[in-house]
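Note that chain A is present in both complexes that follow, paired respectively with chain B and with chain C.
Let's turn to the complex of A and B:
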């Protein structure tokens, strides 16, 4: 048993559902008790999704528990097949139902006999894997299933496309700025003259998966989701993959050079150096920005970075290499992939922290007292308490990570976004100087008068106490309205009854 | 006992036993930790439970000091670790870090399935660490959303002291803080006492925000009814005294287990009344309490009429319109009854669980309201199937759908006005004064959409965009 106040990565079934519901025309059946189906709420509320989330819960209740759930699960799969005619139904248990140790594979086989669509059981251990690992696995499982199916049916498209092409792997629903990253990479590919063969899994259909081998290579921008699929495809088709996250000017260039190398190896002669120069100097403002006078004050400022592997590693490199900021601590909650993280960031920071315990990071922040934090919502919260600004760079996702405006983290536009985020997170430039010189500009003393001293009305102690319970920002209004009400009626004392009567009278 | 009357027969009840969505009953942590200020809630469950509270409810960050997960790991599930030792380790840490007056263990589906004997472990551990432990089985196998509160209060009902116990320990000490606060305004107190009619003690149950508690207590005081205490109180150490023969009344429709526990285990007498939601319900609730306590209520009719008059501006917006409840928080029947009294029609009330005995008076009032208003009775659908409901909504095209969060945006995208049921769970909706807030919520989608319409937005948005289900 573990005392936990906060979770950086969600449970396994969330990862599975993120993959399943990213595909088009794929339905997921959750075999779970009432209340475990909040994935639908997250998708509907955070992404403001207009369609019903294609996830149905086959509810496990006391009765199902005693009778066995096979009939119900099979019925629900067959029913959904009829109602929605999906191409694929993915069955997943949750942490709870997985301990029932039912033969879900058998349920799936049974359902497959009656269902027209394909039926798959998401093959994940719910106590060993978290959301990210489960997502990675489920994507690979679905891809593998359809590659095998296509091979059996003889419609696997193995011939490479005429022009260089790429599969972009790892974009999912409820991912951190995934939609915008995806758009940015599509633009980048267009600029580089590389066709996008498929984007996985976001908005792909399972029928398209047979086309995967057509692409010249795969690009996995995220360390967490997609890599297993890319590795499988390399093994299966010798299809190369690039796994450098194009985040920040330096890494974006490294990623593009790697793609160039992959294309060159396949006999396509291309040189992206001019493009990189052009983008770095003119499209991305980030390189010039960090040399501009304003940013001199960033030099040597202390920062703490924490997040998932992809974003924490990339952010550490950007801060250290591109902005001259002193990263005291870089950390990740991806414990299962700690070695990679260490290798990536060790040379750019003083300390590395690998932990899923938010308390450990909070303690480290309090000890280090950095000038800024780049972390998750949790670190933002810690920063608020310690009065240290925090830019949010990684999941767990929050409604703020689904902005309406275009805010990618990847590619050259991403470099601009990140530069803005960094700049806005620090108190710096002239503002910083002036604050130091003049000791702050908020010199006005707060003068609070006693709540009833300026009034000829008496507030009864109980009413006074009640008034104090009213949230501060409306307290003044409530007080004014109540006193107005009392004056109009010639009352000299405001009691609780008067307060409520006043509330009814003004209807507020 | 006043609750024994059977549910009215004219209402039609269906049970679809379908696939439906509501929040998990462990949600109750999010309001109960705020209500009971000296408590600590320990949810014993899996990552799935924790991530729900963190994400869907958004509780975790803010609740941190008084709420945590005891996350079950592989060793706990396979019973390699001793539950008692593990819980002891965690509770000692909580005691050391936070020192609460009570630790509430919230059992989950997982503790049910692995048959962790929380009720058996608690007394022993409580004695060992010296902090009372309340255990509640707020699991999704047996309960829905708001019923989580029911499981906690039912369990807490056992912990309410009897007057003999209170006199036995030191009564002075128990009220020491209150005394400090009132500076021994004894004279004041005695004057107040005389305003009450002499009646058998009455305890109210249900967790409401403090201003609503004060409000309802005052409404009863106006009739000379003295509320001896509330379950739960603001602090665990101030749980109300409950003796055999005390009267109890609930303020929420989802508290049937608490009611049963108070009746069977504490030998209280339950006042079965409609719930104090809307001016009609509030009046009926007060009247019923008064009649049981042998008090002639004064001025309630005028009070109700006055409130209705003040609501007219809102009622104009919904009169003659229809509302469909998909079912989420078990407040559905009370809200439907109030909205029908406002002049709406209601074809369907979906509800996760329907206790016809505990809700008997509310159902009777619903039936009476429908006949008074001359509208058809709603169909009450227990454990509805959300997919089927959406087909019915498409066919009926109601003016307003009150639904859980998973369906709100998709329905709105199909041009159907929706309101989240969750808001009614958290807003202050009880009593005369707050009736306006219910209508403020219920009419908001209509007002918003008519405002957008006036601005010409509906011409910019293609109305019949095909949206898939």
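Let's turn to the complex of A and C:
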């Protein structure tokens, strides 16, 4: 089967819905045709939650197309207001329905007259922004709306808390290991003696948003979602923010030092150096493990990293600085924020790839033949086809990224998890030989397909038989090299002779 | 075989009036004609029926979109000279999707086998081809007719319609039958245009007050001529168009012209007028 289309980040309305359904007691209404409403399916399938996903579709059907929405959207908003009594209803179109160019702002205004809750139209251009950008915007829009509302009503909490406190911004439903990251950062804050004022948007209610200004600072662990909100709050209240992702030993320490600096600047004398030392040496296993003899195996091994900005950048740094792994290529699909990524990773890798084209990444992986890949679920597929192990470090997500066990990527426990992930991803020294000797699980037929699914090369049965004799752990490589050799010479079939010639050419 | 025509042109150029009179002319030539109004403002067939007939969308709404409950007589109304009339209708501006309605209308009529019963089907489509829906009639049409006048805007719009004919002609047996000059006492700019983009001119109608009056009265020129034989000469224009179409001309696939080139060509004409010679020639034509 050939994949017709693939995108790393979803369409804008998914971002908006992720924000809306992360909040507690917020309902989202989609103005959308049937089929655009798969968010509900996706969320209820992946997030293991008891409650229904608070998203309703106001279906764009043939009546709507032929006569306009008339009262439909307004009625649906008012109805959901009555049924669910949410604090806020967010209305969003989808890419498809935004083509109709209906005046949804007008529907929102009309619904606001009858609904008891607040009604907001997600202010996102659906053909300009993707899921991540839309999520960032919607969060900022909701925060701004409630800050202004609180200010108007005079209940904005501008007084700073007595003890240092933080808002953790950017944790969302369907985020990559977000729940676990959130728990880990709460623990970290407790260890640092910093109170968590609010977590946004996950499980927050909109009433709590008036309390945002009382935190001493904001922490945005993810580059993709939350930064716009933090920037707005800095502008509005001069509330500082820290945007260093605490992922890996080095960056976690840098993040903590930055928090210390922010607190010191506000007159709170604190020094976290001892804590960092203690954690790095004794709590995190990653630091000593990466120096252990086990990890020596990995030194200098080639790896390819690909993902969203946050995770791909952090992972590149961890592999290069903390584990001594040679990152040949680091890439991101966040094209809109490419400059930042380039600046972050350039010194830690040979090559930077900014692309939303899964084919380009697959081809790069096939060309580089790394010992391991750290990428998204897509790169995991690529790795399977090329017989290269892959650790998944970033969204697009999969049910596998919602583990029941505790698997954060951030903080000191995150360093352990990542060290495990890295170590276990690589095929270890004796593993392949043992499999070969004992005829282990390696019973699968040799796959004749290359990375491009329309491979035009045929393997002659004798060559195929010869290939089967090659030990499993190098078979993929032999196959690739032979096919490369044949393709370069324009041969359409690989016979035994071609195979030997290819072997000669490689000089093996 | 059914001959299918699609009439396009800039808004307000007189497409509906022209369409109704062509339909009548075709009926006078003994053809069974169906005229389909594809404009959400649903007044295309007013001149034929004398009243605003219920639209397909009205009917669908009434039957709660149960297509199986709809019969041809629910949506097809008899107009003057036995011309059958259908109005697609559509949502008010800024709501729903007018193009969807046009597409649905065509599909529904097809399901009702309405198309097989006519010698000629004429689609009267709104101003410009703005989206796939409004281009849908071109998928079924044998000929596209463009109504224009001697003005810059109408000819520039004609260019855009010609471009979509060109696009559709790749896969459909669609040809551009030609231009119809409406309210055109001078045709110098039209000539300039067809020099750049060669296409036939089917007929040039001068500015005739009675045509405007006929529209308001809800009568075709043919109906008015019944009581006022002095109008017969106007009917002849439409009969001429009908005859040309019934002869099934070869038509053209318009050649590709760059918007910008054409724009400067046409605007040049206004800004640098240099042909006093052609003036007299045009005057002759007006006398005909």
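One rule holds in what follows: the second predicted complex is superposed on the first by the 423 of 508 C-alpha atoms of A that agree within 3 Å, B and C clash if a C-alpha of one lies under 4 Å from a C-alpha of the other, contacts with A are read in each partner's own complex, and residues count from 1 in each chain.
Just so we're on the same page, contacts are C-beta pairs under 8 Å (C-beta built on N, C-alpha and C of every residue); 3 or more make two chains touch, one makes a residue touch a chain.
Note that this is a predicted model, so its numbers are computed, not measured.
*Asks:* Applying the touch criterion given at the start, work out whether A:155 contacts chain B, chain C, both or neither, answering first, second, both or neither.
*Replies:* neither
*Asks:* Given the touch rule stated above, what does A:70 touch, chain B (first), chain C (second), both, or neither?
*Replies:* The second partner, chain C, only.
*Asks:* Tell me which partner A:13 touches in the superposition: chain B (first), chain C (second), both or neither.
*Replies:* first
*Asks:* Does chain A have more residues touched by chain B or by chain C?
*Replies:* B
*Asks:* Touching A:103, do we find chain B (first), chain C (second), both, or neither?
*Replies:* After superposition on chain A, A:103 lies in contact with chain C alone.
*Asks:* Just checking: does A:41 make contact with chain B only, chain C only, both, or neither of them? Give me first, second, both or neither.
*Replies:* The answer is first: A:41 touches chain B but not chain C.
*Asks:* Does the superposition put A:396 against chain B (first), chain C (second), both, or neither?
*Replies:* In the superposition, A:396 contacts chain B only.
*Asks:* Does chain B (first) or chain C (second) touch A:466, or do both, or does neither?
*Replies:* first
*Asks:* Quick one: classify A:62 as touching chain B (first), chain C (second), both or neither.
*Replies:* both
*Asks:* Identify the overlap between the chain B-contacting and the chain C-contacting residues of chain A.
*Replies:* Comparing the two interfaces on chain A, one with chain B and one with chain C, the shared residues are 62, 65, 99-100.
*Asks:* Report the residues of chain A in contact with chain B in the complex, numbered from low to high.
*Replies:* By the definition above, chain A touches chain B via 1-7, 10-14, 33-38, 40-42, 44-45, 48-53, 56-62, 65, 76, 83-84, 94-96, 99-100, 126-128, 130, 377-378, 381, 396, 466, 469-470, 496-497, 500, 503-505, 507.
*Asks:* Give every residue of chain A touching chain C within the complex, in rising order.
*Replies:* 62-70, 99-103
*Asks:* For chain B, which residues count as touching chain A in their complex?
*Replies:* Within the complex, chain B contacts chain A at residues 19-27, 44, 46-52, 54-56, 60-61, 64, 67-74, 76-77, 81, 86-87, 89-90, 93-94, 108-110, 113-114, 139-145, 210-211, 214-215, 218, 222, 306-307, 310, 352, 387, 390, 404-410, 413, 432-433, 436, 467-469.
*Asks:* Tell me, which parts of chain C touch chain A in their complex?
*Replies:* 57, 60-61, 65, 89-92, 94-97, 100-101, 104
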